[in-house]
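The letters A, B, C and D name the chains in turn, as written, and every chain counts its residues from 1.
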Amino acid sequence: MHEIPINHILFLSTALFFIGVYGFLSRKNMITMLMAVELILNAVNINFVAFNKYLFPGKLDGLFFTIFIIAIAAAEAAVAIAIIINLYRSHKSIDVDEVNDMKY
Amino acid sequence: MMPDTILIALIPIIPFLCFLLLGLTGKKLGAFSGLLGTASMAVSAGFAALTAYQYFFHVGKIDGVFQKMVVFNYHWLQFTPEISINMGMLLDPISVMMLVVVTFVSLMVHIYSLGYMKGEERFSVFYSFLSLFTFSMLGLVLSANLFQTYIFWELVGVSSFLLIGFYYTKPSAVSASKKAFIVTRFADLGFLIGILILGFNAKTLDFGLLIERLIHVESPYLQTAIASSFMGVSALTWGLLLIFVGGAGKSAMFPLHVWLPDAMEGPTPVSALIHAATMVVAGVFLVARLFPIFILSCPVALDVVAYVGIFSSLFAAIIACTQTDIKRVLAYSTMSQIGYMMFALGVSGYEGEAGLGYMGSMFHLFTHAMFKALLFLGAGSVIHYIHSNEMKDMGGLRKAMPITHITFLIACLAIAGIPPFAGFFSKEEILAAAFHKNPVIFYVGLITAAMTAFYMFRLYFSIFWNKPTPSAGHDHHHHGEGPFTMMLPLFILALCSISVGFIPFGQFVTADGQFLANEFHPMFSIAPVSLALGGIFLAMLFYKNANELPAKLAVSMSVLYASAYRKFYIDEVYLFVTKRLIFNLLGRPAAWFDRTIVDGLMNLIGGLTSGFAEMIRGLQSGKVQSYAIWFFAGVLGFAVLFIYLW
Amino acid sequence: MNLTLLLLVPLSTALGIILLRDVKHIRLMAAIGSICQLGLAIKLLLAYQTARLLGDTSQMLFQFKYAWYPSLGIQWHFGVDGISIAMILLTAIVVVAGILFSWKMSFQGKEFFLLLVLLSMGAYGFFISLDLFSLFFFLELAVIPKYLLIAIWGSGKKEYSATKLALMLMGGSALVLVGFLGMYEYAGKTFDMLQLAQAHLPLEVQKLLFPFVFMGFGVFTAIFPFHTWAPDGHSSAPTAASMFLAGISMKLGGYGALRMAVYLMPEAAQYYSPLIIILASIAILYGAFATMMQKDLKYINAYSSVSHCGFVILGIGMLTRTSVTGAVLQMFSHGLMTALFFAAIGMLYERSHTRQIGELGGLMKTMPFISCVMFIAGLCSLGLPGFSGFVAEMTVFMGSWENADTFHRVATIIACASIVVTAVYILRALGASLLGPIKNEHFNHLADATWNEKIASALLIVSIMALGFAPFWLNNLITPDATLIIHALGK
Amino acid sequence: MFYLLGTFILLFGFLSVTTRHIFRAAIYLLFCLIGIAGLYFALAYEFLAAVQIVVYVGGIVVLVLFSIFLTHRSGEDLPVPSRIKEFIVFALAFIGFSLTYLILNRSGMGESEAPAVAPTVQNIGAQMLDTQSFGFLLPFEVVSILLLAAMIGAIVIAIKDKAIPSKSEKI
């Protein structure tokens, strides 16, 4: 009935999610890590949308979640970037490995 | 009737109080401390003489037998219900005789030191040590308890240590004192174990009971002591032999004699007192003290005593012929004479005529104390004059020091056994005893006697003849022979060396306490006396005037001479055993093992713990990303675990 | 005689020290407190002897009980017998001497004296406790200040030594605690020593718990192979701490091993006796040989302590009345003697700034008093009659010899042999450091002991001599209690 | 159409996390987000697609670009991460992906045939501000407060603090 099987969409979102994870874990630059987090969030969004459309078409809850996630992602990005900038000021770097003041 | 306890107790206590007084306040007393020490020693000697008089002529003899009298006994330390250390005083012929000898020689040395040690910085310390030694020696001879003997034995050892090392800034004196202490300490280990064996077999440490229980064949104690054996030798024999080891250490018997020649590093009066007259005969005294057990229960041990004695005697005599340090010659001669005393005990029997050796031994101990002290004090005044111990620095002194010359000659004649000097009588007794018991020992003893005469006169001629008299204006011969305080003891001792031989010793000191006549057979005396005269003649030939003969002889007998000169390399063997073997094979590995293995193990445990902690700590790197990786890996791990493995 | 006083005096001294500010007042306070305590100890001794003379035959005198944690059976239970009185007396003497010897301590003097007083309080509490829990409490109280004393006021590699010492002693007390808890469980929830002694634990339990308690206390006594804290700890510790360490805390171990292990678990003690004897013999001879090679005076004394404490273990392991008495005598004697030795070394070190025997030499000339003190300590250590060491060692030998079989005899002979080795290393140390020519020019200008050092040395020497000349008073004090312990063995 | 979009999204997503050039990474991210918006279109969620473009493309990516300008001199390459770490991370990501996908495949999704509600702006608005059942007013308010708080927080964090005295003055 639907032209695209749900599993294919889920494949897409899963792949995107783990691309994000890969980026988050492998990048040292905080901004790129932040971007990877955005990818993860988007993968989740895709899931919500897909589930809403395929499994619960009679409701809009998935859509609302997606909207809220987008809003929170915006807030998160703002705060994260503020932190990054502050760190950059104090450490002259935004490399996560160099910000290891909390070790031991 | 008992002798006066207080009187006897005061004999050792006076020197002890003197020691405390001088030791604590010596510096303030200065030169007066010497007078104080001498005076107290004189009082003590007087009391000793009084005690001897009382004992020998009034109270000691009951039914014609001299008794062992315990005049005082106090439980000092109780071990088991039966065994305790008591502090007591035991009077019997030998202890009374020793009291007299010790206090008398000590008094002489005290007087002599007034002159000899004059101007010494630690004058008062010297006197306090002398007092300590006298106290310990008196305590030793008065002991009523085997363990008490051991206690004072150790104290004697330490006071000897202190006095040998009196010139403590001289490294040779320090090492000599250490050597003396450690060698005798090693022997004392034997003594201690011997005490344990005997004490626990007899269930007592009191001399009276101990001897009582170990000499009767039917005594159960003796039977167990003989029955229990270790390595095929009975416990009793072990005990006695080990005690003899202790005695041999103090008395410088081969092979524990090495400390004695080195001990000559001490001041000469000390050598005279400790290393000639009193302390070194403590071993003889100890064997004599336990003599009944030796002779009645364990003749084997007594044979060992005899052979060790005769061997040491000959051995020391050979070495004495080659030494050039006059005090060392005297030291070896002391060793040789103590060997005499030892083998005399060894060939002795117990009762009646058979006890001749015992009597002779004690007699020789007595006379030897006189003339050997005289020899040392004479040598001391020579050293005082020349400022050297070496024979080659001496010669032709007879004009410069006439008193010393004459007294020294008397002493030499006495030790050589020329009648009518003291040594002759005691030596005769010993040789006669040996002749009856064991011809081998007798002949070796004869040879030794001849050698004694030879080396003593070698010494005498080298010092007083040999070279022409030094000119009067010679640089360092500024003073005369020495003060009156040094000459007086020489006189008195010379007098004694001439006269004490005439004491009917057998009336006083015998093995069984009964009368034993001193008999002399002129025919028997011919051999030893003529041999001694031969030795003297030989020495005169060699050394009266400077000539080539000794050197030639030395060359012709080079191997023997060299090894005797090097004291048969015994010192080297000891050095090898101690320095090389004990230090390297025991000490060093123990220290290494401790630092590396034992401590290493502890450190390893600590290291492992902290290493593990270090490892875990590495995870807490502060790197957020690695936390994330671990976190994610953990999530995955749990996911796999819960989905597939659960 | 109220035993709580023995705790109150140090406690109030400690409070006083906390309140005072000036170091001069503080050390005066500490000295007064410790002297009061010495007075108390002597009074206790007299009161005890009077009570015994009057016919008091109960095992522990002056008992005091107060339920602390009734639900767990924990209580304050104090009481003393002859052995503990001997130990208390030893502690009191060493504390007075230690405080006098650290009179010049100016760096953080307040904390220093406070810790010393606390440590002594731990020791007193340990010796009077009859309740295993409070005993353990005081044991810990005696351990912890030592870490600080060494780590703060020490010298050399002090942190390492302090950590090692604290960890090993803590390990020991952990073992002890395991043993205690085991006994507590099996004996029906009681920590009371007297009840535990009556409880007769089953043999299997004893065999299980004995090694914990014995080895735990053994660590304190520097039993082989857990002795390595001693050389490092002693060598780094300041003088007073060394004295306390050797004079007091090694005795905690000996006392504990005797009281808590042998007395409470007699059958196991018999079972393990050969092992203990072997360990002790090793410690005695091996410690002595290891000492021969040491170059630092403090190491020499520390290793010789290992050797000497071996006699304590040997005496306990031999399990005869005489040997146990000897072990206690040896504890008493060794405490005084090592304290004196460490004090002498401390005085030398303070002046010459070196402890290497190769660098010292000829000090007898410039410091006759200190040298004499060291000589006396050395002679006592090598077991010279007239000093306490002789009495104690001989009693141990005698007691050991009572066991008439080859194994025990050989062990005794090994122990006896150490007197020769002891003589070697003591004379080597004394000879090299005190005698001979003066090695270093600046030694010529060193001053001799000051008044406080003289008083403290005299106190220790007099105590040593008091035992050496008249051992019977202490012997008579200890023997009845040693007999009691041996009776528990069923011998 | 969908597969084309999907390829596009994944390609740019992947490029975005692997490129060594940070500026390019941001641009790739932008493309990826646009692709997702396209996906929403394809699924007929037009409003959502619009929000996606407005907030993400217009907001967040711009914010990221700003911060890149602030913290980087442009044209600088990112450091190469260590091979081992990269490999581990890649392996982890791959394992995670396969695990997840295996589970997805194993469980069939019961697709619903219920009548669909059209995701029109009207419907969305009505339900979002509805206080009745399934209304989202409360979350909406919470999110708005969160946004406010985030805004203030971001300002506070990023502000240059001149008021705090230096350490030396303090002591």
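In this section, a contact is a pair of C-beta atoms (placed from the backbone, for glycine too) under 8 Å apart; a residue touches a chain by one contact, two chains touch by 3 or more.
Treat the numbers as computed from the prediction; the structure is a model and nothing was measured.
Common neighbours of subunit B and subunit C, by the contact definition above: there are none. When every chain is reduced to the mean of its CA atoms, the largest separation from subunit B belongs to D. Centre-to-centre separation between subunit A and subunit D, using Cα means, comes to 4 Å.
Per-chain CA centroids place subunit C at a distance of 73 Å from subunit D.
One inter-chain figure worth recording: subunit B and subunit D are separated by 102 Å, centre to centre, where each centre is the mean of the chain's CA atoms. Annotation: 99 Å between the Cα-based centres of subunit A and subunit B.
Shared contact sites, meaning residues of subunit A that touch two or more other chains, fall at 21, 25, 28.
Residue positions 629, 632 of subunit B are each in touch with at least two other chains. Chain pairs that touch, as defined above: A-B, A-D, B-C, B-D.
Of all residues in subunit B, those touching subunit C in their complex are 75-80, 83, 85, 147, 150-152, 154-155, 158, 161, 165, 168-171, 174-175, 177-178, 181-182, 185-186, 188-189, 192-193, 196, 200, 230, 583, 586-588, 590-591, 593-594, 598-599, 601-602, 606. Subunit A makes touch with subunit B in their complex at residues 21, 24-25, 28, 33, 96-97, 99-104.
Across the complex, subunit B meets subunit D through its residues 629, 632-633, 636, 639-640, 643. Contact residues on subunit B toward subunit A in their complex (touch as defined above): 617, 620-625, 628-629, 632. Residues 2-3, 6, 9-10, 13-14, 16-18, 22, 25-26, 29, 32-33, 36, 39-40, 43-45, 47-48, 51-52, 55-56, 59-60, 63-64, 66-68, 70-71, 78-79, 81, 85-86, 89-90, 92-94, 96-97, 100-101, 104-105, 109-117, 119, 123-124, 127-128, 134, 136, 139, 143, 146-147, 149-151, 153-158, 160 of subunit D are the ones that touch subunit A when the two sit in their complex.
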